[in-house]
Amino acid sequence: MTDTSDVADWWRTRIVDMEPGRIHLRGRPVQELIGNTGFAQMIWLMVMGTEITGHRAALFEAALVSAVDHGPQAPSIAAARMAATCGIGLQSAMATGLNILGDVHGGAGEQAIGVYRLCERAGPEALKDTLDTWREAHGRFIPGFGHRFHKPVDPRAPRLLGLVDEAAKAGAVPGAYAEIGRAIERQLAEERGKPVPMNIDGATAVIYAELGCPPPLARGFFGLSRSVGILAHAWEQTEQGGRNKGPIPPRYRWTYDGD
Amino acid sequence: MTDTSDVADWWRTRIVDMEPGRIHLRGRPVQELIGNTGFAQMIWLMVMGTEITGHRAALFEAALVSAVDHGPQAPSIAAARMAATCGIGLQSAMATGLNILGDVHGGAGEQAIGVYRLCERAGPEALKDTLDTWREAHGRFIPGFGHRFHKPVDPRAPRLLGLVDEAAKAGAVPGAYAEIGRAIERQLAEERGKPVPMNIDGATAVIYAELGCPPPLARGFFGLSRSVGILAHAWEQTEQGGRNKGPIPPRYRWTYDGD
Amino acid sequence: MTDTSDVADWWRTRIVDMEPGRIHLRGRPVQELIGNTGFAQMIWLMVMGTEITGHRAALFEAALVSAVDHGPQAPSIAAARMAATCGIGLQSAMATGLNILGDVHGGAGEQAIGVYRLCERAGPEALKDTLDTWREAHGRFIPGFGHRFHKPVDPRAPRLLGLVDEAAKAGAVPGAYAEIGRAIERQLAEERGKPVPMNIDGATAVIYAELGCPPPLARGFFGLSRSVGILAHAWEQTEQGGRNKGPIPPRYRWTYDGD
Amino acid sequence: MTDTSDVADWWRTRIVDMEPGRIHLRGRPVQELIGNTGFAQMIWLMVMGTEITGHRAALFEAALVSAVDHGPQAPSIAAARMAATCGIGLQSAMATGLNILGDVHGGAGEQAIGVYRLCERAGPEALKDTLDTWREAHGRFIPGFGHRFHKPVDPRAPRLLGLVDEAAKAGAVPGAYAEIGRAIERQLAEERGKPVPMNIDGATAVIYAELGCPPPLARGFFGLSRSVGILAHAWEQTEQGGRNKGPIPPRYRWTYDGD
């Protein structure tokens, strides 16, 4: 039907093809993927459109595993737990938490990749200048570094960098971004006179940069990863029960600041 | 501080423990999980609180892989793609799609587990009666069976059931729910005189039942799985561009039904 | 284009008609509505498709005004405030709060209308029996009555009922549901030996029932009303600042319940 | 309890004060607001913290009325209608639509106020330069002007500006922003050689600027306004029925773009 092809064309995709009894995902029959492809590999295939294997797959899997949860003090987790007591479905409770992940809460990974790439282009001698220029434009905090809680070290970062080193040694990734990340860490420590440890956003950004991901996908993959913790907490809260759970115990209420 | 322990106690969890420089997830140091645990295994650990390995892990991974996408005609996918053109972050676009997964769109898995358990308790001879009773209470469609598009067979279902058979043969799962699922399929085909194939909700529900998941987690795990397709499509749409993408090409508008 | 009318027909509506330079809402040119119609009246017109005027409009407006906020201990408000510190737009922060309003948090209005209608059909002598039957099927709490905080009286309820009385005296509404609501309140107080005051869900449900709204719209209108408080709080939080605001002050963390 | 005041202080607000049996909103007992305050006035009171009356209240109400709906081709409306067929509650369907309103879909109002203020500071002679500078930094489209559908005129804009003129004549608002808006419209028409009509974002931005709103509230108030149309459509779709409504009729599917 030539004259209505614009209707089907309005929704164009390279991801999925289908007819009754047939589902192809990225060109592969779904029944061949099921049972043969790991979930992390499937995520990469679906989002990036290519296969990921070996050291590269292991790195990607490690990044996904590392960011699943940071406890109920994180607003995404707290919101999902509260939502789970309000009579909406489990997926809507998950969506409530996921929706909170924005520029500030988990958005730093995207920005960190941007910083790494600037540093790469400028070269190691220009590192301080590159950071200064970035800070002039965007504010004093370099995204991906420093943690208000994990001092002096976020235990996830060195572990992830160690895996990048292994993969680089094996020739699976360049290793340049791990280098840059560590150089930034040293530079910041020198400037402040105390450690400004790479955090989870900075460390996973190293991996995503090593793997060649477009920066916004640092947010997308973080969203998938943290959704795991969000589900775990929403479900735990469901089992704990409660109705209309507020943020603090009922007896505290809040401070009224008006006249 | 004894007198304020109620504040910390308001947020109780068995999932995560933390102090500066230390993150334990389900009792395990995060840096030991990173690089040693697959993402699917990590999901199970976080949500269920136990380790999953071998055939059981493979089954769980297969279920997660199988449900990632069903194309842009699914409202969850379409909504996420439209959202991606409206100037909200990638995670919020994902949340938009995930939020749509409700009782009707992906909720059947939870209900299917319920039906399977009823059938199990009643025994194979009472299958028809069990289904009749269920249908009297809840309507004529048995959740997890029949597909408005994939006729006569949804290619994901037999593949998933085959994996359950293998795992059952190896003694990793009972296999009883695969049996029940197939018996329901036969019963429905006999009643209608044509195939009423098990669909993705029915097949993944078999797996989740075999693994001993509480029924609502069929929805939670489906949410994680479909979030992969949602991200893939939201990202593809982002790269395709567009602003305020509507559901149909602009020239069509809609039919005004008023006077 | 006869052969593609199914595309436009897929999106049928009586709400809005449009061509370039012309927007009709419920059959009225938008430019005639602007400046001549109050916002509450516009809400009614859009959702119900009819005009609302005089005492009936005043009642509807009172219901919308009454439910705008119940403070930051409500999970919807707390979630929106936390969201406002996470770097998502103001509307997405609003959506985060609105999404939490479910069966438990603000869903009671819909159920209360159902109870009122049952009581109406059964007649005043059968009130106790009607409530008993309802409680057998749905649990011990009659929706719309009792408040864990406002004891002995929720100040919004008597005020709203007083307005219904005035409107009933003027012949604008039947007044029957206010009667029923009060009868339930008396019955519950007698049973428990203490006041079980009508709450905001119960009182607005009286108004929506008096106005002839379908029960689910009690939830829809509550959603619009509470969105006002959600916006006010999200905006106040935005101005207060903060990044990744958690539910409790950082020094408290949470209680780890694992082994 | 001095030593736990930090818990209550974590949630500070000037909006609402409460104790059992007492609810004060912006310092006023809720029962005095109910029945005496219009819904639009209540919105202003809650969000801005001040009373709005007379011409100013009428302008605000007109802005809220004008933006309630733009039909199911808008992604926010389409997503809410699809959500309504997926088995989530009415408020979650509303949240799905509201969440889509971002920088691109309804975010132009905030930006337009920014442009107006720049033009005000620079003075009328510098108008063209101000627009040029803005375009150099942000792209070629001036937010709030031009409409891909309503040509040559968006019927809402002149009506809203007319109301601003009346209010300015009465001394209720300065009128300066209506002037600036019209000057921009003239300038753009001259540049392009054809009308570039002020759209709904531009016109409501004039009102919000005249009323002294902080720019982000143009988004917040738009969110409240469009939520009305979102609810109307979600409810209409609920009554029309349907399950898992996709964006286009099922027979069309989508175009597969892969190899």
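We call the chains A, B, C and D, going by the order they appear; numbering starts again at 1 in every chain.
We take it that contacts are C-beta pairs under 8 Å (C-beta built on N, C-alpha and C of every residue); 3 or more make two chains touch, one makes a residue touch a chain.
Quick caveat: nothing in here was measured; it's all calculated off a predicted structure.
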*Does A-D or B-D have the larger number of C-beta pairs in contact?*
B-D
*Could the interface between the copies chain A and chain B be described as same, meaning over half of its residue numbers are common to both, or is it different?*
same
*Any idea how many Å lie between the Cα centroids of chain B and chain D?*
36
*Can you check how far apart chain A and chain B are, centre to centre, with Cα atoms defining each centre and the answer in Å?*
22
*asked:* Centroid of chain A to centroid of chain D, CA atoms only: how many Å?
replied: 31
*By residue number and range, which residues of chain B touch two or more other chains?*
4, 7, 9-16, 18, 71-73, 78, 87-89, 92, 95-96, 99, 101-103, 107, 149, 247-248, 252-254
*Interface residues, chain A side, partner chain D - complex*: 4-5, 7-18, 26-27, 87-89, 92, 99, 247-248, 252-259
*Which part of chain D faces chain B closely enough to touch in the complex?*
1, 3-4, 7, 71-76, 78-79, 82-83, 85-88, 92, 95-96, 99-105, 107, 148-149, 243-248, 250, 253-254
*What residues on chain C touch chain D, complex-wise?*
6-7, 9-16, 18, 20-23, 25, 29-31, 33-35, 37-40, 42-43, 46-47, 58, 61-62, 64-66, 68-73, 78, 81, 89-92, 94-96, 98-99, 101-103, 106-107, 149-156, 158-160, 162-163, 216-217, 219-224, 227-229, 231-236, 238, 240, 248-249, 251-252
